[in-house]
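The block underneath contains the structure these notes are about, expressed in structure tokens.
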Amino acid sequence: MAGSSFGKIFTVTTWGEPVGNGIGVVIDGVPAGVAISENDVQSYLNRRKPFKASFEPAKHENDFVSINSGISNGITNGLPIAMTITNSSVRAKKDENTGKVFRPGQDDFTYEAKYGVAANRGTGNAVWRETAARVAAGAVAQAVLARLGISFCSYVSSIGPVSIRYSSSAVENIGANSLRMPDQEAAGEALSYLEKLSAEGNSAGGTIEVIVSGVPAGVGEPVFNKLDARLAEAVMSIGLINGVEFGEGFAATLSTGAGTADAFTFASGRFEKKTNSTGGMLGGISDGSEIVLRASVMPAPAVGITMKTVDSEGKEVDYAGTAAETTIVPRAVVVVESMMAIALVDMLFENMLSKMDAIRDFYKAD
Amino acid sequence: MAGSSFGKIFTVTTWGEPVGNGIGVVIDGVPAGVAISENDVQSYLNRRKPFKASFEPAKHENDFVSINSGISNGITNGLPIAMTITNSSVRAKKDENTGKVFRPGQDDFTYEAKYGVAANRGTGNAVWRETAARVAAGAVAQAVLARLGISFCSYVSSIGPVSIRYSSSAVENIGANSLRMPDQEAAGEALSYLEKLSAEGNSAGGTIEVIVSGVPAGVGEPVFNKLDARLAEAVMSIGLINGVEFGEGFAATLSTGAGTADAFTFASGRFEKKTNSTGGMLGGISDGSEIVLRASVMPAPAVGITMKTVDSEGKEVDYAGTAAETTIVPRAVVVVESMMAIALVDMLFENMLSKMDAIRDFYKAD
Amino acid sequence: MAGSSFGKIFTVTTWGEPVGNGIGVVIDGVPAGVAISENDVQSYLNRRKPFKASFEPAKHENDFVSINSGISNGITNGLPIAMTITNSSVRAKKDENTGKVFRPGQDDFTYEAKYGVAANRGTGNAVWRETAARVAAGAVAQAVLARLGISFCSYVSSIGPVSIRYSSSAVENIGANSLRMPDQEAAGEALSYLEKLSAEGNSAGGTIEVIVSGVPAGVGEPVFNKLDARLAEAVMSIGLINGVEFGEGFAATLSTGAGTADAFTFASGRFEKKTNSTGGMLGGISDGSEIVLRASVMPAPAVGITMKTVDSEGKEVDYAGTAAETTIVPRAVVVVESMMAIALVDMLFENMLSKMDAIRDFYKAD
Amino acid sequence: MAGSSFGKIFTVTTWGEPVGNGIGVVIDGVPAGVAISENDVQSYLNRRKPFKASFEPAKHENDFVSINSGISNGITNGLPIAMTITNSSVRAKKDENTGKVFRPGQDDFTYEAKYGVAANRGTGNAVWRETAARVAAGAVAQAVLARLGISFCSYVSSIGPVSIRYSSSAVENIGANSLRMPDQEAAGEALSYLEKLSAEGNSAGGTIEVIVSGVPAGVGEPVFNKLDARLAEAVMSIGLINGVEFGEGFAATLSTGAGTADAFTFASGRFEKKTNSTGGMLGGISDGSEIVLRASVMPAPAVGITMKTVDSEGKEVDYAGTAAETTIVPRAVVVVESMMAIALVDMLFENMLSKMDAIRDFYKAD
């Protein structure tokens, strides 16, 4: 399968270019009988809007979704769901730079190398716009997951050098600051840091944490399609994300086997892990505890600082870029969550085929 | 596709159980005309052997490969390559524990939850044995890559809290110590650390770095099948690996856009990046610089320390496990490298279809 | 992959319902550098219009295509091509019957059984409308094939009991009659036959032949992905098509091995088959001769004749249907051709990866 | 996915060459809890043996299967099933002809064109040997289907010009003659016909019919993955099969819409079709009636009659071949049945994901 589709059973295909006629998504493999409305999808898209902060350049990116097929009377009918997303403020003009300068940190050069055509698509920015289509698909995935009692808690855990302290974090705080950080004090520090960078035309990266509750044990296939492998692929396929870890992640290497081997307990008729070093999986299969993923987001390369680079003819140029957003980390939260939701639905569906008895029950065979 | 295959065009399917009749692999989509012998494959398998250290329990795991199809007169013929791997020292007996105790950090519980059958496969250890089949497939992938001038440099960058210093590292050192660390001094410290853990029956994790040279620009698809997404999936599908990052990775979040946007230069008729913060990719597509991946390996959960857990009936037990290996990190190096090689071949092949002119050249159409 | 996508490398995903907001298609894996315009696509859609015959109910089905992404300045840019097709005359109202009566020969019942929701999608007719999206994708596939010197000759070979005679057929005739038959006399007889059926409210099936010229030898994979297997799947996925054969097809069983084993000759520096019993393939791989496929199209079940059937509550009803079209066979020609073109591009691309030397040439490795 | 795998969820991968070390198959996506033994598989392989007839050259092809993984204590455990098939009588020597003469009707030429290596695999015969691996996989698929109450009735419906008469056919007869024809008289005529051909060194083709009972309504996806499309692909991927039709097939074109639109009835609490023109499907989805498939098998090209052809240097030669089998049609029956079983399991599993309520039931979500 070519590279614009994700998922084997629950399959999401996105399309669109910044200079083209909108962007969109086709979601195939959605079961019939799921209630979903344009408003539901819109509420996820709204979480992807640039946050309004004093230091941030005014940017009106209002994405509006329309559902074209797959839903009858507010309920999925089993046919593919097609959605189109339009944005009145996206300028339908070519970025006059593109195709001339290989901007630092951006994908002008790699598009040129791969496709050999003048990459007049706005590239960097284009890639980021495509994530709106992923969020629309994620909304559908979350509608499925909600019916199975699965929910997400997602937030920003660091911006530049400013990290949250878990001891002073609370879920309620996430919505209370424009940076979606659960620690109000850290959010304040991060805002100060961002103001300073903004004044320089510079940009910041950060980390995002997602905690998924309610995933039953048994999801994930034991060899290549491990749940962590698929979630990592899903999240790493988002532009600017350059690292993914689960549970204790890289820090687990500082501990020992005795320190990270999560033991089991049995309480209220249910097996549970006493600790969760692995972040919700054992051997690539969900173990019923919370899935914990952490991703790093690179600082956006579109900065308002003049840098030396070359153009497509190899001539050295001073490239004076325009700062886009001081940080995209807060709005990337819903994108990460959406990709995880899409991958999870795909694997939950695959898991249903792991036991012959369940298959017989479905088909009511005697 | 079910979960025991990896790759879309160059497809690797593994099979096997520790208690079964060997393990094996089928590799489909191998082009005709690649020279490869059993000796070539065997040399990769040998890199996966447990290292001999004073403190390490003697464990004879000698894997021997035989090629059953797909190669005629030492050259691939276009048909699928099937290989079987046998190991004289694998005890063909059931682990008497399995199916009774849910061992801490191991996958007894998740297999039970998923398949509902007594998991008499040795699990944990089983999963690790399957990686021999991946290494055999990786050897074939590397034979393809070598023809394209692509090579790997892989090593251990940390064991527990002991990290290499880049300033005192050298490629030549990698083979000079049993831990495959390029820094001899760090290797010495790590050996002391491991001796201490070994005495306690405990185990250590660590990190692995892989640097791939010679990958041409243009490899990777721009939306979901980004090169980093596929490499992350490939590497995260290895048991005990719980984190993957590229280039500067998580540390890039501490820098800024101005600090991480790699600018281009033009020298000797070739575009090059002056720096490589992103680890060889821009927008998910290779940019011609080195691909740099870092993975974290959890400490193995099979330790010789008694821990409290429960059995499959929920009864609390004191589980006195047997330490397997004090650290698997050195022998995981070739496994990580193999999964990267497999994913790379798949994406190099897909990239060949990105330009109409190249397709016409292939078919010599006028 | 869910069922609304076709192809592994060159992937076509369609969406749409008759009562929804248009229909559409996303084509992924299109190489950059192919010239294609909305007019090109429109000309294929025009071939799918109902033909105007005296006896045929006036039906204005004017499909208009718009291209939303993937094409810059008239040239493909490597990103997915999204197209939407609108039809002013499609009535945006529910078929009031649907969901009540299980119409004979139509898919009301199977949708109900599969999705468990009232199938308010117009079913039968809906399915047929979706083929417009396939034709739009086929136009893109044919633009690729044209660059490789591959072309199609497609026509109706029988309507009901009236078959063309090859001795009195000529390619020029195909466009000269509304039934797209290469034999003018047979076309006349078929028109008389259809007039009679039309008067009764009845409908006719027929057969379609497609001959593909210019396919190089070597296309198709030798095991499951044989060229004939993939073409059969592609064509059989069209509604109402219930039979596919290649070359001499079923009639070959009346001959013998000596009669059907096509021998080779060598002329003008090129190997050729003296005969073509197999229809362009040997062992599932194209042999450089013409690919010959024949498909049977069932008579459309939507007839203007009252029939006894049951409703969804099991109550027997007299269902008085409305005749749709007396025959869809002529307009199905371009649909069959389109599906073959889509499958062919996918397999031509896969074939490029069969030889290591060609891969090295592409990557200019030394 | 490369071409040696079939199926998306229930995935079968075959490998092997006639001159290599046996052949084999890996079956992934088998649910845990299915009882299956080597004897079960062997009984299917035995149906693929060449039949013993006076006129047939003695050919000892005794395939023996061994199961290497995926089954514990006679029950599938969810891991991939690997099986190897050995045949003591397969001569481990090169066919000295291969690589020199392009034999009429065989795939020497297409392999050479595709892979560019001397095709020393025995080709034609090789391809046919690979079908043993498909039959082994089919045995596993049938074990799954049996648990769902689905069964097959398969037979030869014609050999050369000799067809069975349905009026004088009976299921009991199928096993009563070596040609697997349900009509004893036709079987007698066919044997006489084959004796005559055998004396000449010639070969015969024929047709095979398969009737599948017990398939529930709802199986098959409505767009590209129609049940008939997937079954056609599965069966057409068998060497020498060059035509597939469902229900009335090509003959339906001689009837009309009124004659072929199957109406529904309701009896014993169950919806049923009164007739079955379409062969068990409506709109590509199973309708609960019998699935009826008919396939044509070309006469084998390996005949003992000297024919003019060319060698790989283009020089004309008189090729004196050796007759292999006068007809492979009877032993192809179980191969066709096996491919249908494999495709059916894949689609039954996919169908389980079509309704949200069923998914909730599986996960016991409230």
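Residue numbering begins at 1 within each chain, and the chains themselves are lettered A, B, C and D in the order written.
Throughout what follows, a contact is a pair of C-beta atoms (placed from the backbone, for glycine too) under 8 Å apart; a residue touches a chain by one contact, two chains touch by 3 or more.
Just so you know, these numbers come straight off a predicted model, no measurement behind them.
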Interface with more contacting C-beta pairs, comparing A-C to B-C: A-C
Most remote chain, CA-based centroid, reference being chain B: C
Euclidean distance of C-alpha centroids - chain A vs chain C, Å: 38
Centre-of-Cα separation between chain D and chain C, whole angstrom: 25
Mean-CA-position distance for chain C and chain B (Å): 44
Residues of chain C engaged with two or more neighbouring chains: 1-5, 8-10, 14, 29, 32-33, 78-80, 111, 114-116, 216, 222-223, 350, 354-355, 357
Residue numbers on chain D that touch chain A, as the complex places them: 8-10, 29, 31-34, 76, 78-80, 144, 147-149, 216, 222-223, 348-350, 352-360, 362-363, 365-366
Interface residues, chain C side, partner chain A - complex: 1-5, 7-11, 13-17, 19-24, 26, 28-29, 32-33, 66-70, 72-73, 75, 77-82, 111, 114-121
Footprint of chain D on chain C - complex, ascending: 1-6, 8, 14, 102-107, 109-111, 113-116, 123-124, 127, 130, 158, 160-161, 197, 200, 202-207, 216-226, 228-230, 232-234, 236-237, 239, 242-250, 252-266, 271, 277-279, 281-288, 296-303, 305, 307-310, 314-316, 319, 350-351, 354-355, 357
